[in-house]
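Chains here go by letter, A, B, C and D, matching the order in which they are written, and residues are numbered from 1 within each.
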Amino acid sequence: MPTNGALWKLLADARVYDLSQPLQQSIPVSPNHPGFRMALLRRHGDMVRADGSSASNELIVMGAHTGTHIDALCHVSLNGLLYGGQDANEAQKGGLFSVLGMDTVPIVFCRGVMLDIPALLGVEVLGAGMPITSEHLSKACERQGVEVSPGDAVLIRSGWPKYWNDSETFVGLSGGVPGPDESAAAWLTNRRVRVTGAETIAYECIYPGRGHSLLPVHRKLLVESAICIIESMNLTELARENVSEFLFVLTPLKIVGGTGSPVRPIAVVS
Amino acid sequence: MPTNGALWKLLADARVYDLSQPLQQSIPVSPNHPGFRMALLRRHGDMVRADGSSASNELIVMGAHTGTHIDALCHVSLNGLLYGGQDANEAQKGGLFSVLGMDTVPIVFCRGVMLDIPALLGVEVLGAGMPITSEHLSKACERQGVEVSPGDAVLIRSGWPKYWNDSETFVGLSGGVPGPDESAAAWLTNRRVRVTGAETIAYECIYPGRGHSLLPVHRKLLVESAICIIESMNLTELARENVSEFLFVLTPLKIVGGTGSPVRPIAVVS
Amino acid sequence: MPTNGALWKLLADARVYDLSQPLQQSIPVSPNHPGFRMALLRRHGDMVRADGSSASNELIVMGAHTGTHIDALCHVSLNGLLYGGQDANEAQKGGLFSVLGMDTVPIVFCRGVMLDIPALLGVEVLGAGMPITSEHLSKACERQGVEVSPGDAVLIRSGWPKYWNDSETFVGLSGGVPGPDESAAAWLTNRRVRVTGAETIAYECIYPGRGHSLLPVHRKLLVESAICIIESMNLTELARENVSEFLFVLTPLKIVGGTGSPVRPIAVVS
Amino acid sequence: MPTNGALWKLLADARVYDLSQPLQQSIPVSPNHPGFRMALLRRHGDMVRADGSSASNELIVMGAHTGTHIDALCHVSLNGLLYGGQDANEAQKGGLFSVLGMDTVPIVFCRGVMLDIPALLGVEVLGAGMPITSEHLSKACERQGVEVSPGDAVLIRSGWPKYWNDSETFVGLSGGVPGPDESAAAWLTNRRVRVTGAETIAYECIYPGRGHSLLPVHRKLLVESAICIIESMNLTELARENVSEFLFVLTPLKIVGGTGSPVRPIAVVS
């Protein structure tokens, strides 16, 4: 408890970085998932209380994987099995997951590292369909003077938010999207990272024209290694201010049996 | 940056408390708001990729004020005006709020204080419809040896999660619900707290039989003092472990123009 | 084509009876199904065109079996099989039904017969949990001077709309609900009726305290005999005006692969 | 009642034409309205009853104006007023329409006429952005040997369903869409038609590049003349079989205070 004082006094000068994209109807959406939509059920004035007060509130309809979000381990299966060899069919019986659901994803509160690949390569944004390899990750660590240790969160920048307002390009079904390839996935699993995130919808590399036909990195991370994936992050500000390591906090909604959750991840430095 | 090392090394032993309730269809819901519902759009096996992998994801339908959530300032108006005298009608034109929406609610990362009123009174849970007064808050501070300073988050415990599985009682339309009254609201505004939360759906005291006919504390906090309100929290664990002050972190979804957001607030001690 | 003139000239004096209940948030809902909710996405004034015109439209969230609705054959299975021995698991793969879905339910345009059981028994409404038997159906035919032939629609009145505004009673989870029993189901299948409907949510008899634990009539009609079921009808007006036979028209929404559809069935006499 | 026998005996040979498009996620959608989405809440096998039966049902999320649908009079306003000079703001207070809502749209059961403009012009489908004028309507009547009388439903064919599977073309935001212009609207209002429908999303002519910036025909029909509009119909089969007049039946969902309803309109000949 004495250190508690140290904790929050230290954080008095904490700088908090918002690593999320906004949620609104116009955001780019993966072909497999619903978009975001809200409609005000009540507006101010619809019902006015005796004291002149009124309220407004909305109905929200969205996918669990809409906008900046995290995938639970139950999101992907391989040959009918989830992580740990658990039967996917059994797990999903009843319409929600009895194991490995969103409610089993722990709150993330750990050291985070942002690896800036565009900066490594001296570009503003990576090319569509460009694979980020293990070599890129190692060199970025070198360039930025950081190391990745077990239990860390690793956020991989591509610069893709540049196209956030150009849905077709951002989703990249035909054009492709940059992202970690299988060697990068292995690099992460070898280091036993806690969780990993990127700035695209699909996280991993989508080659031009391939769409989401195969997602080997999802398989390796979620199914084989129990590493949750965060998608559609915005790491622009971290890059602009050269922040490579930080306290990483991500508090997913405790959706019982869900496969994903919208999130507002943050990076904190002091 | 040197202190960054101190930051996360210090937090290596951080204990994180989850202050939220789960999200599922069966949760108690305010009469004015939709409940939580999810439906798997795809289940594992619906579509199997060439490599044997498959995926599952859901459609979510919920209210912005469903489950543990935070109210944005645009949620309540008085005499047609939002906080700062802004016209509510103008603000809501278009179906979402052009000012004071959820996207304008800053990420909360500050000192937090939990005031345990049942413990103060030597009971397990407060009575339905019991007002928590400024005097209770002062005495709780005294008993727990804490002070509330400007910029703090103040979480007020009532023990109401005891009835979480008894919707009718929890919502308390006829029976009433314990919570801060206007004197408590003034106590909070005088101390210029950052944000405040409680364990009930309505946050403030609902007298038996009155329902939500008048919500003066919402008015005082949201409309008059720009203090956001967090509802349906679960402070049981904090109480059980006698945690009175902590780092409080709350990262609301960045819903553009929204009136509320489901959240997963946490308390961290080290 | 000559008879076409006869057709609509004859119908110039047609009297159309609306056999549906209204759709709004407050309607009684089966425990297994979502209710009805709408939220205006846009209101008049949100966006005004150059000519001063404006528009309003809503988002609708509902279950397929909400309000007055018809069940498709894929709604119920027995031992993993749908009507015709089709595998239910295979049929539902992909998240919608590849066989026997709502889009395969033909438009209903046939002779209809309304059997008034309360009138038969000299009561206003049948008792909760009271089974309507084959004997009741035969006696009603006798009393009303009608016969049921193959291809007819048979609507069975219980008077249950009397409790439409008392959700708990109407749904009857503990109290039970009147409706056809297995002998009545056999009576209908023997006469090879086209489709059948009733005024309750569950159509068939729900015995007090049993809830929806077993629904043998659904099984017999949908799975064994390919007879679709219409629920939550309102036959009050037909009864009041002593209408026993009529042209019955029901045009279900062509929901591809769906299990049900809200409908507005009508009876026409001339 | 004697004529009742004539009614349904006559209709024994009735041929029913389905004038609707299917409802599924992939259908073309107006920029202002949500699409159609369904998700099975339960699948067969999720819960198996004691007798081996199981059930499946879905959650539906859609716009009121999605797919084949009818507009209620409250859908459009002019200078803040609905049909009959009723104040739009007042009418929509509370989040649903207290006047002129979907529940006030009567069931349509009348003579119907289909005017085949492509056949008139000897083409398969009208050009994008081509206005259908009063002259076209008159000449079509002439060519098809029909007259339009007060109380009739007038369905205007353009052949646009040809592009149903090409969303971008079908919606025609940039390319435009054929449809009645203001002279055609006047032609309809002069004849005091009951209701009118077409095969496009917007019903009226959308000139290339103009999008939905102005919808004068909606204004004239809904606001000035109380004539409801049906959109996204499919009149292909009627055209193929040279059916010009028929019994027209449309039973909108009785959505209290709604602005539109999905429908399954039919044409019947005998």
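Assume a residue touches a chain if its C-beta (ideal position, glycine included) is under 8 Å from a C-beta of that chain, and two chains touch if they have at least 3 such contacts.
Since the model is a prediction, treat every value here as computed from it, not as a measurement.
Chemist: Select, from A-B and B-D, the pair of chains that is joined by more C-beta pairs in contact.
Modeler: A-B is joined by more C-beta pairs in contact.
Chemist: Would you mind pulling out the distance in Å between where the CA atoms of chain B average out and where those of chain D do?
Modeler: Each chain reduced to its C-alpha mean, chain B and chain D end up 45 Å apart.
Chemist: Compute the distance, rounded to whole Å, between the mean C-alpha positions of chain A and chain B.
Modeler: Roughly 24 Å, centre to centre.
Chemist: Among the residues of chain D, which are close enough to touch at least two other chains?
Modeler: 34, 37, 39-43, 45, 58-59, 61, 95
Chemist: Graph shape for the chains shown, where an edge means the two chains touch. Line, ring, star, complete, or other?
Modeler: The chain contacts form a complete graph, every chain touching every other.
Chemist: Considering only the defined contacts, which chain D positions touch chain C in the complex?
Modeler: Residues in contact with chain C: 1, 3-4, 6-8, 10-11, 14, 16, 18, 20-24, 32-34, 38-45, 49-65, 67, 74-80, 82, 88-89, 91-92, 95-97, 103, 107, 109-111, 213-216, 218-219, 223, 245-247, 249-260, 262-266, 268-270.
Chemist: Across the complex, what residues on chain D touch chain A?
Modeler: Listed in rising order, the residues of chain D that touch chain A are 34, 37, 40-43, 45-47, 61, 93-95.
Chemist: Considering the complex alone, what residue numbers of chain A touch chain C?
Modeler: 37, 39-41, 43, 58-59, 61
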